């Protein structure tokens, strides 16, 4: 069922948008490239051109040569940016220290994020990268593109920037690496007007959400990860572009507990697909696996001979809750004991499917080590239906944000705030009852912080009354 | 092989030591006891005389009646102590609060522990228990007695105390509950002179060590728990009687990892028997278990029909490291993968025995919740031979004490000090190299506190040198 | 030499050091081992629990020793001990021993003596009808409930020990005299957080618990306590110096920081915190000391508070039975209570026992984060639907 | 509409708000789904990895989509992206996508196109000989190494990312193009503790690490930083206010409290801490994100520090291979690296990998106690004999 975009999507045809002619694009020969030496001495980097893995140095030298042979007026920032970047990288190896330094605040008008300032601390030696800022371009959900879009970005970025990119940044954005302060606004206008495309988040705001491939090409997905990701990214554009939070806040959308977009490890609010009815079983397909007609785990272990598929050893015995059994050739699952770990489904995708009555679990508080230590997201909402327009999800988000914005200290992530307040207090504030699903085990220490109103007679007591019963 | 006591043991014959005649001992009839009412109204306590479990109230009333019928000069403390104790207990139920209160410091000359002060906070209502102190009597290792010893203690304790005892106290002592300050020294002299017996520890000193039944009557014991317990109790009498520690320190001696004296949960230094060679297997006995000729686990599960013994399901599959297998009817154990958890040995005591090359593991730092939270002892010395005179063990003890006495704050247990310093620092100070056996997992956070001397170039650096490479 | 009967016995107050014997330590254990034990010390080959409370140990030499284990209240009068001695003299050449969990053990070296001893013990009852020496406490059952002093003899308890243990042991008596549980169930009881009975690693632990901050006895605090010691006693720094209206030294307490651990009262008698309405019983479960199959683990709080309903503690008994019966019905052979709860998942523990999971059970002390569930591995129970509905997840 | 070529394009600096379009958000995903995806959205039935890097997904409708996954350096120039577009146009109607771990995926809907696409991709190499689009990264192998900017574009790194990843990926290339491991091995790399690449839950994690406290640039600190912010930045309170000789505002640092996390430098550029000799690489292992079989878990530090030996990091490569090869030789099918280490015991992990267990690996940060081994369940290894001998346990 097709989904509708917020606004009609501007059609992009590279033939209409392009800057460079075909000749300009292919302005060097293989031979030239083979003998091409950049203006700086980069012995260590040249060592990295060898080896089977795609060499980022070899790739950079292509662009360096390409810029060398473009006419002056065919690039608005310094021709030598790539060569200077490589030169500075070599010096970094020699010094064993980076040569990028803090920058001032850069950005586009009306936005507090999306552009990261970068300045070289060797501007004299590498003038072209004295200013070498990063622009984060909010990627389409699950990073599907077409060549019209990408070729247009390339022409724009070679013309107005270094031609260097990251596909993709850690949080999911398409990253444009290195342009001058002057070109920030023009690039923003090209992105919004020509590409109908906005920039991502950075700083104390909602960062660019990202999702797994979901129902686009995965049989395990329990909800429309792309649609929820797109909807929340659009609905919270203000929170994304205008930092008003104590610190960064990340959404990530995993279609199932396999967690291919790592939401449980990398997002303050982690959405993970789940189901509340029974795993669907195709008994014939199960028999096919047992008989060896279908390769287990989609052939992911083909590289080694593990012997004949053994459903007992490989599936039933590995089930963490031992809720599966073979009863005269039929696979039986005691679903109320199943914790939806995905193993059996992963091993026999042709035979087993998640249930139909699906939704999401919401976990809170993941973050990397800085500052108090790494955290993984904690299970808070066991099950929530996930259907457009997702009002129940938005309501929950806003309740959590309200608390975090109220109580969060400067640069205090949600997970750290939850630790500072304690899980019981946090639940009370966002109005949720406690459930054993939220903990691995109940507390092991007996230090319970009772509230005065919960203790009959309260805490105001008179010593005389006590002494009447107990002599000193 | 018989062990030798420190000094020759004074022979105790009740016929020589006794105070009370047979008539005095049996000075009431069942009938009298049945109709006996103590002088206080104790309805709740009388409710506790019913029910199958031995009623401490019924027992107390026996002693109360016995004291009622003893002549005045046949008890040096108040006749009514037991009745007053019961009366006060009833009032405690009514008030929902204890009626014992803090006491001043009590003890015997030259000792700083072994006697605990106890005072009633209703001295007018229950004068006999205004002073009702406790004396801890250091029990013989593994609590074997004979009637000569016990009858002598009873006569002494009924004559000079309340006649109420605990067999035994939480740390292991034989506890005498309730006597007056005046009788403390006389009792100490009776104990030492007549019974050749010392009192235990209390306060900031070495507390009374205790051990499991060991080789006296257990086929699993890996070392002489009684002998080590006795040796260290004697060797450290000064530390036991004269508090010089930051807080209490407890030894407990478990003969094997089953831990029947709970050393891993209740002692600052926990000694647990282990072995470093192979588990001894009697294959015929194994077959006997498989055939059902021998009841598994010594019949400990007889109360329920668990079906025929299944060595695969009950032993091999439950081995935590899966290092056991049945190879054409013979039980095979891959001992280098065995963690000596005792399960297989517990289930087939006739067939499996710990190795012969035995010793102890030493774990440090267990304690109850107060103050920082409960701790269990941490594995520090994987294997130590345990043979008289145990010099290697004493040396290790004194290294740990030296550190704890040096660095421990007031009332800071060893386990809390280990947490405050951190395990790496603690190991360094007591001169032990780290080993993975000491941790469940290596650290998950990357926050390593490097030492300056371990980092080439040290930590004194010049900003000018840095700025020479990196422009501001 | 006879016990003295003079008022001060052998002690001469005028010369306290005279004839003073010190540093004797305990009597040597070997002398109290019956011959069958001395002869087979270190030679025992295997054992068998013949029936609840009756063990036989067989030595490599072929010798056998039969042990009859009896329950005991731990609190004993000299009359009860004398009766034990009568039995020991009659059947065991005067020898008797006590176990770590305060059971009594009589050892005999023949089946004849064993039968006679058993018949004798079963006949002995207090006039009120309760057994004096109930035989049991072995194997996969509930043995003696280790406990502390309580109101009988302690100044800092939040409940009474002897009465609670009597009440619970009466109700679990069938489990003391049976071996029908999946594995042994260690029940322990401590009357406050000092936990002299170290209940923090028991299958089922009963714990006295205060719920009100201390009352400050301003009038005498500076006389009976070292104020800095009282201040330093608080693990959460809730106590700080203060002045009385008359200018005397005292302390003030941030009540909402207090977690009622009672350490301040242990250090200073002018800070009493016991209270009829506030004090009560916390139940923990799932702890384990042995290294058998799984590593030792702490008990977990599963019932935050129950009233001190003296003398029979009906609510405590009811909840202990709920836990025990759910465990007995569902755990595998050899599976301890804590391992069972972890295998089925604590959400299922609360579902099967019918205990309510309240916010008090969620850790908010020092190492709290490690107890949070950072996984989607959970089983749906009513508790999960309840929180999902409140969050707007389902209708 | 064409991309503009004027210097400031459509932007009018004199009227910045004119024609400004904001809050557009990303382009809608649906338009970039190739037809075979649009037609089968939500209908996929199952998949199979035909060979390393080649997937087929089969829909309920019977449609099939073949996916060719190629490794990528994440760092790409417009030339490389244009070449990707050429391939996409030639075989995939212009469609292409990227995975979460920065692999490139070309989707075709027929076996013919698949074969042609494969042959084409295999032929494309940089002039230096390295593959442009190596096919692989699926199933039980090592897929693309997620990594961060490093010296290429970051101001707080303790190492370089692109070079380390190139070096390690070259050495592990057989595992990228093979599926012979017991389970997938996620390798990730981050150039400092900020861990933009979230390596804290990877099978093998490579982490840039400082080992020297910051140098204080007294001269400018008060001009370029908010001193209170710098002070508050330190998680262990090692930074406190100070005065310069001239009376200016600055800070002082308790060096032995510092754990080199670099957060102060992130907040204040006058506190640089990078250093040629001090900085290096920490290796962690055993982390996991998925909930499959076991719950997600953090990576554990297994090698405290290795030198920044640019550009090929031989020591890092050597240690990564030790871990990977020990795992490959010993783990069960489906068993992730962390589960394998837990099953055999971390003492056996260090024995089998030959890595040295140093004191740095023992946690001494906030939740340290929970990592201590409170059990006698351990396996004897040389490390155990070493500490036993030192303690006087054995000769």
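We call the chains A, B, C and D, going by the order they appear; numbering starts again at 1 in every chain.
Simple rule for what comes next: contacts are C-beta pairs under 8 Å (C-beta built on N, C-alpha and C of every residue); 3 or more make two chains touch, one makes a residue touch a chain.
According to UniProt, the chain labels map to these proteins: A, B = Dissimilatory sulfite reductase alpha subunit; C, D = Dissimilatory sulfite reductase beta subunit.
Please read these numbers as outputs of a predicted model, since none were measured by experiment.
Ranking all chains by how far their C-alpha centres lie from the centre of chain B, first place goes to A.
As a whole-number value, the distance joining the C-alpha centres of chain C and chain D reads 50 Å.
Annotation: 13 Å between the Cα-based centres of chain B and chain C. The multi-chain contact residues of chain C, meaning those touching 2 or more other chains, are 193, 200, 224, 261, 269, 275, 277, 291, 296, 298, 365-367, 369-370, 374-377.
Residue numbers of chain B whose C-beta contacts span two or more other chains: 95, 97, 99, 101, 257, 264, 320, 339-341, 369, 373-374, 376, 444-447, 470, 472.
Contacts between chains leave no pair untouched here, as each chain touches all the others.
Remark: chain B residues 95, 97, 99, 101, 121-124, 369, 373-374, 444-447, 469-472 touch chain A in the complex.
Remark: chain D residues 291, 295-296, 367, 369-370, 374-377 touch chain C in the complex. Contact residues on chain A toward chain C in their complex (touch as defined above): 257, 264, 272, 274, 276, 320-322, 336-341, 359, 361-363, 366, 375-385, 392, 395-396, 419, 422-425, 427-428, 431-450, 452, 455-457, 459, 461-463, 466-467, 470, 472. Interface residues of chain C facing chain A in the complex, by the touch rule stated above, are 193, 200, 207, 209, 211-213, 215-220, 224, 255-256, 259-261, 269, 272, 275, 277-278, 282, 284, 286, 298-302, 304-305, 342-350, 357-366, 368-381, 383-388, 390-394.
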